[in-house]
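Going by the order they are written in, the chains are A, B, C and D; count residues from 1 in each one.
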């Protein structure tokens, strides 16, 4: 297996980057701190221990979003996995979007605070570039074939970086008590009859307004209109026109959900799955796949490079793409499954709910753009769109 | 009163006040000691201020009993399910416990740093007083986000990461300036001759500190501890960064669940906090005979 | 009388060196301990991270990647050339100052009334109430204010009912919601600080002033306020600093144009992983804040008092 | 009780502020010594050096034969009463008085402590106030409690730092007496600091007049008052009329001084050379007043060498004495006091022309080098304020 050698090297490197100097610092400072505070925390995992299996006291740690997300994943994935494989596993709720700095630092320090983590595409790409993820052989994942092709993120040599776990579609969700009709087109964001009544995600790489504008308006040419700064500027110019309509720029879903429920805003960009949960729980909201297509993105299961349990982690990822697991998660979260339709056992109604017009109709965002030009973009964004 | 009436420079600060006290005492006796302070406008203003303080609490209490799965105001019914959720859910319990332990440890560290530094600055003939004061206040001047990143890098560098201790130390150091400022203020404002009186009566420095100085600046010290405790309890970003992935506090837990809306558990936790505060403050007041008197 | 006291029970001090060894040791070393402990803690857990932070602000950060060890002035150049950042810094400082003054304006009368309240029970109830608001997470307090200030919120309904307005005001998110929210979350800090300070002022001083013919306002201005100068400065400074670091409240109650520098720093560090630039922004902010605090300290004359006090009990 | 010795005591603040400059003083066992002087003269610093609150720059301090220069305050056997009283505001009177016993290394039983507190409160004539808080006491009561506290452990010496300064006039008089009584009863060595010369005069065995960190004069109240060794002392202790001038001649301890008021005869301790600038100091009670009804000759020679005329500006009854302000024809204002009982045929009133005279024995010529500004008459403002009210 020639492809694993680089992986092995990476692992080895990680485990041996603990020079004595740091050990010394570590022990002396820790001792000092202990003495100073008289408080003992739980000891951190120190890299370099022998590769062994996860145990009850040191289970396989899975980084996931918290709240309902964690509840569902615990019930549909983590606990069944432990039952099935006998490997103790535990989910760790995190604000994953903010956690990349932490992961990077931990990995650089040779530590693995979590072993497996589900990340959005931008974070996955970033992690790949920074060497945060473990690259492993496709042979390690028995069910790989079931996964929709482009949802397996691969490294340069064909080794695996991440495997799609579930997806979400960014749609338009309307409070039907405030607005007569649910919004059905992205163009509505540009419609000045909705002055101050709408909401949108403020992060360019989360709200994808550039992608949306490039796909929605005829003067642009989809992703091709986002290749050069000059072109992007033109699209951004167009995006700036949504500003009068946007009464609320949010960064996290919950920030928009409350105002939407309470009618403080009439409609917003919102994830399909979140909206369906909201509606199910009694909120007066309707979500629509916009005519131009929802913005479809997938969260990938990635393995942290410095993990002590690469084998257990791979087993977990393999388990996460089992069809019954995928079905369950989809049923409970209304997320988009990442394995082929034929593998699943979804009702038509549910399929309709989560896919709408189907994956082919969706806008697949230009994720890499938001990384390659991030500084420029974030500055331009704050100075034009958000001003 | 001529210059001669000024206290000898050698006497302590506050002696002027003491002198005024006597005069005031006489005046008070003459005037019958009436305090005619808040007039009706003042009272109205005060009422508005208190309403400003209380209104949000009332709203939070109201939404904590919503039977619905979202924060709802006004609530469409009455249910204690969210209290039950907080009190019976092991994750919430752990997060709550972590938060309280971290806050307690951090407030102890913050107070100990603030107290000793305030004393050092105040008491000893230390050169560079303003330098020390500056150093003491500096931690809080760095935005939490970035000090969080710095702490995180540092903890990884020295190899302690992902423990409660990280948070305790990070919060303790970060919030120590509050203790320092408050205790310094207390020391500045107290009549220092009482300490000399104590030493003159045979009390060692330590005894003086324990039996005289500390009781007098107690409300300042306690405010410092309280501030650190509360700020630590509420602090998200530093905690998030230095906690690794394994230590969960209440704010971390709340933030991690933001994808699926604000859960009314937050309101329930808040109400529990209010109850807890009332209990703690009442107990402390009862046993100490009044912190803020 | 002298004879009487000296006969049976000699009420004199025992001057022998019998004090406990530990206590003696502590006393002998108290100075170095009292100064050494905080300095060691700050050196170990603050100076070193701060140094790392300063070093980090000079590290290059290639696009899409993490920062690398090296040296570049790029971040500082960007900070000074892109007007966005200084504008935001200015806004952040202005907002924090306004918050601090707002907290003083509301907090001082409250603290004063509390300190001069005759009923101990009532005072305890009020203080406990004020303290309890501090325990609410910023998120929930921000939410409570959106409930009050939003378009279908309590305030709008009230104003519409009494006919003060015709159409609902859109207050949140917005500058007013932000200002109110910031003031609200930091007010208890101001009140408690001011309370401790005002409580130390002898009420008889105020009566003395009134007795000398000063009206209530003059007394307040000439007696109460000057005597609580330290407390006022402390309260102002605490709120100012807390407000500067505020992250959640501006995010939840402000429009993007009103997001404060820490939000941007957070965005840079967490979303863009540009820690070096975040560090540079932080250092710029720190410098500006220090300048403001020192200026305030000097302006209020606290500095000169400090100089006088440094001599300790001199009469020369 | 103990003897206190100061030997070359020097205290310098910073690098060049000399608060106390090389002073030597022995306070005898049981003696009441008062340090008096204007603000900033170093008297409080001296006291604080004895108490151990200031580190001595140079010199040594000893109690009896034990050197205590470097001892911390809590190992010195001195009790102190502070200007602000410094009662512990968070403790009751009992706790305040018992404090020294509570913190002492040796154990006092509760009964011993109770007994002693009761005894001390009896001594200060405030029995039964054990449970009160300091804030519930009047200034005078606080002062006495502070005294009781300082004396509870029978200190070798008692230090009093302007303890009466914050009391009103009547209370102050009362406390002066009280303090003297207690001090005499206990026979405790006492060092008293005040800027009020009157207090110094009435209470002390010896007075030390300090100026600018140095001793101006040490002596009994009587000596210091009647035989001041410098203009400063004359000026500071009691009221004094000072005529500036220069020596023109003289013999046998009496010199002639040429002043604006004319040539005055005054006694002089030292031989003052002709041409020396001097001040002629006359106490108010050393001057006689006579109604000046006719323009008859001024100066009848002999003992009444010093005579001038003026107009009465002010007449004040001060209990036992009457004080007059006289504006002389030479343009100076004089203070003159007479016994109230000294009946005259027609009382002298404001506006009357008077003849002013004093004997050479009542006038002292003192070298003027230490006096900078020309203060002809120095009326301590506080006295004016007190007596005027």
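Keep in mind that, in the parts below, contacts are C-beta pairs under 8 Å (C-beta built on N, C-alpha and C of every residue); 3 or more make two chains touch, one makes a residue touch a chain.
Here the structure is a predicted model, which is why all the values come from computation and not from measurement.
S.K.: Show which chains lie in contact with subunit A and also with subunit D.
M.R.: Of all the chains present, those in contact with both subunit A and subunit D are B, C.
S.K.: So which chain is farthest from subunit B, going by the mean of the CA atoms in each chain?
M.R.: D
S.K.: Taking each chain's centre as the mean of its CA atoms, how far is subunit B from subunit D in angstrom?
M.R.: Subunit B and subunit D have C-alpha centres separated by 50 Å.
S.K.: Take the average of all CA coordinates in subunit A, do the same for subunit C, and state the distance between these two points in whole angstrom.
M.R.: Result: the chain centres lie 37 Å from each other.
S.K.: Any idea how many Å lie between the Cα centroids of subunit B and subunit C?
M.R.: 11
S.K.: Counting only residues that touch at least 2 other chains, which ones in subunit A make the list?
M.R.: 29, 36, 98, 101, 255, 258, 262, in rising order.
S.K.: Please output the residue numbers of subunit D that touch at least 2 other chains, ranges allowed.
M.R.: In subunit D, the residues touching two or more other chains are 19, 39-40, 43-45, 48, 53, 72, 75, 100, 104, 152-153.
S.K.: Multi-chain contacts only, two chains or more: what residues does subunit C have there?
M.R.: Residues 13, 19, 27, 41, 143, 269-270, 275, 312-316 of subunit C touch two or more partner chains.
S.K.: Pull out all the chain pairs that touch, please.
M.R.: A-B, A-C, B-C, B-D, C-D
S.K.: What residues on subunit A touch subunit C, complex-wise?
M.R.: By the definition above, subunit A touches subunit C via 29, 32, 36, 97-98, 100-101, 104, 125-126, 129-130, 196, 202-203, 205, 247-249, 251, 255, 258-259, 262-264, 371-375, 378-379, 382-383, 386-387.
S.K.: Would you tell me which residues of subunit D are touching subunit C in their complex?
M.R.: Per the touch definition, subunit D meets subunit C at residues 11, 13-14, 17-20, 39-45, 48, 53-54, 72, 75, 77, 100-101, 104-106, 108, 112, 115-116, 119, 123, 152-155, 185-188, 213.
S.K.: Which positions of subunit C touch subunit B when the two form their complex?
M.R.: Those residues of subunit C that touch subunit B are 13, 19, 23, 26-27, 30-31, 33-35, 37-39, 41-42, 45-46, 48-50, 52-53, 56, 106, 109-110, 113-114, 116, 118, 120, 123-124, 126-141, 143-145, 147-148, 154, 184, 187-189, 192-193, 195-197, 199-200, 202-205, 207-208, 210-211, 216, 230-231, 234, 237-238, 241-242, 244-245, 247-248, 261-262, 265-266, 269-270, 275, 278-279, 281-282, 285-286, 289-290, 293, 306, 309-310, 312-316.
S.K.: Please give the residue numbers of subunit C that touch subunit A in the complex, ascending.
M.R.: Touch list, subunit C to subunit A: 41, 44, 63-66, 82, 84, 143, 146, 150-153, 170, 172-173, 251-252, 255-257, 264, 267-275, 277.
S.K.: Show which residues of subunit A lie in contact with subunit B when the two form their complex.
M.R.: 22-23, 25-26, 29-30, 33-34, 36-37, 39-46, 61, 63, 65-70, 92-95, 98-99, 101-102, 105-106, 108-109, 111, 113-114, 252-255, 257-258, 261-262, 274, 277-278, 281-283
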